[in-house]
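See the structures that follow.
After this come two complexes, each holding chain A, first together with chain B and then together with chain C.
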Partner chain A sequence: MHALIQGVILGILTGGVYALMASGQTLIFGIMKVVNLAQGAMVIMAAYLSYQLFTTFGMDPFLAIPITTLLMFGLGVGVELLFLRPLRREDKSELSLLVTFAIALLIEGVLSVTWGTTYRSINTTYANSSWTLWGYQITVVRFWAFVLSLVALGLLFWLLNRTRFGRAVRATVQNPESARLLGVEAQWVSALGFGLGAATAAAAGSIYGLLYPFTPGSHYDLISRLLSIVVLGGLGSVGGAVIAAVIVSTSSAIVAATISPAWSEMTFFVILILVLLIRPQGLFGSVNRGAI
Partner chain B sequence: MRLPSALRGGVFVALLVSMPMLGLQHWFLNLLVFVLMYATMSSAWNLVGGFAGYPSLGHAAFFGIGAYTLALFFKDQVLATGYEPFLLLPVVGLVGALIGWPIALISMRTRADVFAIVTITFLFVVQTLAFNLHDLTGGSQGAALPIPPFAAGQYELPFYYVMVALLLFTMGLTFATMRSKVGLSLVSIRADEDKARGVGVRVIGVKVLAFSVSVGITAMVGAVWAYYESFIYPQFAVDPLITIAMVLMTFLGGRGTLWGPVLGAVILESGQQVLTYQLGAVQLYLIVYALLFLVIILLLPRGILPTIEDRLRQRRRSRRTEAPAAVWPEDPAIPSKADTVTTRGGGAA
Partner chain C sequence: MQQSNRLWRKGVVAVIAGAVVLTLGACASSSNDAGATASASSKAPLVIGASISLTGDFADSGKAVKRGYDLWAAEVNAKGGVLGRKVTMKLVDDASSPTQVVSNYQNLINRDKVDLVFGPFSSLLTVPASQVAKRYSYAFLEPAGGGPKVFAQKLDNLFFVQPAPVVKSGDVFADWILSLPADKRPKTAAYTELDDPFAQPIAENIRTRFEAAGIKTVYQQVYPAETQDFSAIMAKVVAANPDVLVGGTQNEDAYAQVKTLVQLKFSPKFMFLSNGANSPLEFPTKVGPQNTAGIMSAGDWFPGSTAAGSAGFEAAYIKANGGTADTIDNSSAEAFATGQLIEAVAAKTGKIDNATIITSLHQGEWPTVLGNLSWGADGAPSGSFNLIQWQNGKLVPVFPAATAKATPVYPKPNWGG
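Moving on, here comes the complex of A and B:
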C-alpha cells in the first residue's frame, strides 16, 4: 500500500511535466492538423540548452526557462515557415508526419554531434534533497518541477482564453474555414501556434533535464509517451492532454512500484491500444472538429 | 520510347542474375546485397505507404522481429548446408504478417495520423523489448546466429541470390497489385477514403492486407540481414534509421510506382556507403539523411520517376502540336498535372 501511494504521488508530480509537453503537441495538432513527431526532440534539445547554460554560466535550469522558451519559440516558427508551410494541401497530413520525423532526426543528429551520445544530467545543489511527509518521500526537484509546470500551463491557458491571439487560435481549432472567413489570419496562427507548441516543449525540457538524465536518443522514449497521452486526451484537446498526462504517468508509476520498472515502459502502449479499441477519439476529442 | 514492361523486367532479371559472374570484388558484392535489401524493403513499404498513402513509421520494428525470429529458431544450432535459414524465410514472413495484422486492424480504423502514431510507438516498444527480454534476445549483449558455412571466396553469393529472389517476388507482387482490383482500391483510398468507402471499396480489408504483406516481406529481409551479419544487437536490428531509409528511398524514386523504390535504393544506399567511408561518424549521416529527406519532400515531392515521366509526356505532346486535349493521367496513383500541361505547351523540357 505504501509503495502504491508513493507511486501515485510520484506519478502526479511527473504528470505535470508531461502535461506541459503534451499540451503543446496537442495544440499544434488542433491548429494545423499536424502530428508533431519532433516534439520529443525539441524537449531534449531544450534540456541540452539548459544543461549548457548551467555548466557554462551556472544558471539554474528553472531560471533558464524564459531563455530556452524564447529560443525554441523562434525555432518553432522557423520550422513552420520553412518546412511545413510549403507542403501542398492535398497530402499535407501525410507529408507533415514525415517532415516532422525528419526534423526530429535532424535535431537528434545535431545534438549527438555537439554533445556526444553519452548520458548527461544537470546536477544542481538541491538535486538530491527531499522532504518526508507522513512517511512519503517528495523530492524537492520534483515538487518545484510540478509547481512550475502548473504555472506554465496556467500561462498557456491564460494565453488561449484571455487574449486576442488565443481567441484566433481557438477559432481556428474549432473551424478553420469559418475562422478564415471572419478575418483570422490562418497562416500566422499556424506559425505562432507551432512556435507556442515548441515553447511549451522548451519549458518542459528545462524541467525534464533536472529530473532525468538524457541522451540525444531519449526523444524516442518521450515521443511515444507523448503520443499516447495526446491520443488518450483526444487529439487537439489541451485540457484532455493535461488529464491524460496525469493518468498515464500515474498508472506507469503504479506499475513500476507494484510490478516492475521494466514493464512500466509498456504501460503507455497498452493504454494507447485500449483507447483505440474502446474510444478512438480519446477522452475529450470530438470526431470531426477540434476542441480546446 | 516506352519499353514493354515484360522486356524491361526480363532485362532487369538478366542483369541481376548475371552481375556476380563478372568477377566482382567482395566489397562491391557486399554493397549489392545491401542495395537489394533496401530495394526490397522500400518496395514493400511502397505497397502501403505509397499506394494507400498510410505512412508507416514502424517498419523497422518488423525488420527486427524477423531478425530475432530467425535468431531464436536457430539458437545454438550448427548448420549442415547453410541453406536452412533461407528455407525458413516464408515462416518468418508469416510471423511478421501475423504480428502486423492486429496492429493494422487497430490503428487503421481511423486516419493516417493515428496510424503513424501507433506504428512509431510500436517501433519504440519493440526496441525496448529487444533490450529488456534478455532470455529471448540476449539484451544489449546481442544474439548470435549460426555461422554460415560458405566458402570465404563465395560468401556473399547465396545472400545475393536470395535477396534477388525476394526483390523479384516483391516487385512481382507490386506489379500484380497495380493491375488488380486491390491496387485500384489502395489508390482510391489514398485519393479519398470516404468516397472509396462510399462506392463500395472494402477499405479496411484492403489496407490491412497491404500492411500485413508489407511487414511480412520486411521481416524476411530482417531475417536475411541477421543471418548475413551473424550477430545482431537491438540498436541495429530495431533502428529508426531503417524506417527512414525505406521512406526516403521510396519518396526519392517515386512512391506508388514499380521502379521508384528500386531506383531510390540504388542511389541512396550506394551514396550512404560512400558517405560512411567519407564521414565515418554515424551522427553525421543522421544529419545528412534528415536534410536530404527535407529537401526531397520540399523540392521533389513526387519523386524522380513520375517527374521524368511527366517531362517526357510533355515533350511528346508538344511535338505532336495540337493534339486533342482529353488526356488522362496514365498512372492513377499520381494526381497528375497533365491537364494544365496541354495549355502550357511544355517548353520546360
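Moving on, here comes the complex of A and C:
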C-alpha cells in the first residue's frame, strides 16, 4: 500500500510536465488542424538547450525557461511560415503529418550532430533531494516541475482567455471563416499559435531534462505518449489535455506499483484504445469544431 | 494483370541475377583462402583490418575501441613492429549496422587483402562479422562481443578478449558474498533486472547462487528498456527492505536506480550493479560523487592494474589522448589487449599467420593488460572479472585477493544526498 501511494504521488507530479507538453500539441491542433509530430522533438531540443546553458554557464534549468521559451517560440513561428504555410488548404491536415514528422527527423539529426547520441542529463545540486512527508518522499525536482508546469499552464489559460490574441485564437478555432470576416488575421494567428505550442514544448523540455536522461531519439517515446494524452483529452481541448495527462501518468504509476512496471508503459495505449472505442471524441472533445 | 506479370518477371530476373552473383562470390572465396596465409614478404607491413562503429548507436564505444587499436599499433611500431613488420591498421566505419559490417569485412579480406582482422563493437555486429572471418579462415580476435549468441556459433577461430563472457561478469560478486562468514552475509535480496541479454542474465546467475545458499529473494522485477521512471520499482524495493540489491543494469537505468534510491532515502547494506557503476567518469557525474561510496560492480581493466603491459598502456594512452587514467574507457583497454595477443603469439611462435594464431590461442594462458586470458573451444574466455567497489570517489578492485588493491567496505555507507 505504501509503495502504491508513493507511486501515485510521483505519478501526479510527473503528470504536470506531460500536461504542459500536451497542451501545446492540442493548441496547435485546435488552431490549425495540424497534428504536430514534431512536438516531442521540440521538447527534446529544449532539453538540450537547457543542458547547454547549465553546463556552459551553470544556469539553473528552471531559470533557463524564459530563454528556451523565447528561442523555441521563434523557431515555432519560423517552422510555420517556412514549412506549414505553403501547404494547400484542402489537404493540410494529411500533408502536415508528413511535414511535421520530417521536421522531427530534422531536429533529431541536428541534435545528434551537435551533441552526439549518448544520454545527457542535467544534474543540479538538488537533483537527488527529497522531502519526507508522513513517511512519503516528495522529490524536490518533481515538486517544482509540477508547480512550474501549473504556472505555465496558468499563463497559457490567461493568454487564451483574457487577451485580444487569445480571443482571436479562440475565434479561429471555432470558425476560421467568420473570424476572418471579423478582421482576425488567421494567418498570423496560425504562426503565433504554432510558436506558442513550441514555447510550451520549450518550458516542458527544460523540466523534462531535469527529470530524465535524454538522447536525440527520445522524442519517439514522447510523441507516442503525447498523442495518446491529446486524443484522450479530446483533440483541441487544452483543459482536456491537462486532465488526461494526470489520468494517464497516475494510472501508469498505479499499474507499475500493483501489477508490473513492464505493463506500465502499456497503460498509455490501453487507455487510448479504450477511449477510441467508447468515446472517440475524447473526454472533452466535442463532435463539432469546439472551443479550447 | 499485365503489370503484375511484368513485376513477377522482373522479380525472377532479380533472383537469377542474385543467384549468379552469389555463386561467383562463392567461387571467388574458395579460390581466396590464400588470404589465411601470410603472402607478403617478411618485411612488408602487417595490415590489420577492422570495422568500427564511428557513427550510429555505438559511435562513442566504437571510437573507444579505435583508440585502443591505434594506440597498440603506435606502441608496437615504436618497438619495431611485429617480427620486424610495421603494423598498419585499416579501420572502416560500419555506422553500427549489422549489414554494413558484413560488407566491410568482405572488402577488407577480399579486396584489401589484409593480413589479419580484429573485431567490431558489440555482439550484434560481432556475430555476422565472425561468420565472414570464419568463411575465409581468418582468426577473429574481438574485444567487444561477449553475448551468448557469439559463443552459440561455436566458432573455433573466435576469441573474445575479456576475462569472461558477459553473462558471467557478476559471478565474482556472488563468489565474494558467499566467501563471507555466515553471520556477515545478507539474509534477503532484491533483484532489479533490465530486460536485455547483457543485463538480466548477470543478475539471474547471482540469484541462482544466492538462493542455493539460502539468501531469500524478497523482490524480483524485470523492467523493459523503455523504463524511464524508476519511482514505482524502487518504492517496491524500499517496501521489501532487502539487505542486498542486485541490479542487472546497463547504464542509464543504473544511474536512475541509484538516484531514485537516494530520493527515497533507502540505502541497502550491499549494492551491486552489473554495468553503469563500472564507468569511472560517467557514474559519479550522473549520480553525484557523494552517492557512489560502497557500490560494487564488475570490471576487467582498472587504473593502476599490475597486469602485463598495463602501466605502459596507461601512460601511452594519457600521452596520446590526454586526460587522466580514470578517463580511460575499458573498451580501449580491451582493444589494446587484442593487439597484445598478436604480439604474444608472434613472440612465442615466431610466426604471424591466421592458422598459427588460432591454434596457439587455444592452448595455455596469454598475458594482457586485462590479466591472463584463456579460451574454451567456442571462444568464450574461461577467467573471471574483478569485483570493483567505489571507495573515496575511486573505483578499486577488492576481490579476488590476488588482484585486490583494497578490502571491501560493507555495509555500504549511507547516501551523501
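The criterion applied here is as follows: the second predicted complex is superposed on the first by the 292 of 292 C-alpha atoms of A that agree within 3 Å, B and C clash if a C-alpha of one lies under 4 Å from a C-alpha of the other, contacts with A are read in each partner's own complex, and residues count from 1 in each chain.
Here is the rule we use: a residue touches a chain if its C-beta (ideal position, glycine included) is under 8 Å from a C-beta of that chain, and two chains touch if they have at least 3 such contacts.
Just so it is clear, the model here is predicted, and its values are computed rather than measured.
For chain A, the partner that touches more of its residues is B, with chain B and chain C as the two candidates.
By the touch criterion stated above, A:L159 is placed in contact with neither chain B nor chain C. Residue contacts after overlaying the shared chain place A:L70 against neither chain B nor chain C. Shared-chain residue A:L276: touches chain B; no touch with chain C. Of the two partner chains placed by superposition, only chain C is touched by A:Q137; chain B is not. In the superposition on chain A, A:E265 contacts both chain B and chain C.
Applying the stated contact rule after C-alpha superposition, one finds that A:Y212 touches chain C and leaves chain B untouched. When the shared chain is aligned, chain B comes close enough to touch A:V35, but chain C does not.
Of the two partner chains, neither chain B nor chain C is touched by A:V147.
Once the two complexes are laid over each other on the shared chain, residue contacts for A:S129 go to chain C alone; chain B is not touched. Touched by chain B in one complex and by chain C in the other are residues 117, 221, 262, 265 of chain A.
The part of chain B that touches chain A in the complex is made up of residues 53, 55, 57, 106-107, 109-114, 116-118, 120-125, 127-128, 132, 240-241, 244, 247, 251, 281, 283-284, 286-287, 289-291, 293-294, 297-298, 301, 335. Those residues of chain A that touch chain B in the shared complex are 29, 33, 35, 37, 83, 86-88, 90-91, 93-95, 97-99, 101-103, 105-106, 108-110, 112-113, 117, 216, 220-221, 223-224, 227-228, 230-231, 235, 262, 265-266, 268-269, 272-273, 276-277, 280. Of all residues in chain A, those touching chain C in their complex are 2-3, 6-7, 10-11, 14, 116-119, 121, 123, 127-130, 132, 137, 139, 212-213, 221, 253, 256-257, 260-262, 264-265.
Listing the residues of chain C that touch chain A in their complex gives 56-57, 59-60, 195, 221-224, 226-229, 231-233, 235-236, 238-239, 251-252, 255-256, 259, 262-265, 285-288, 291, 415, 417.
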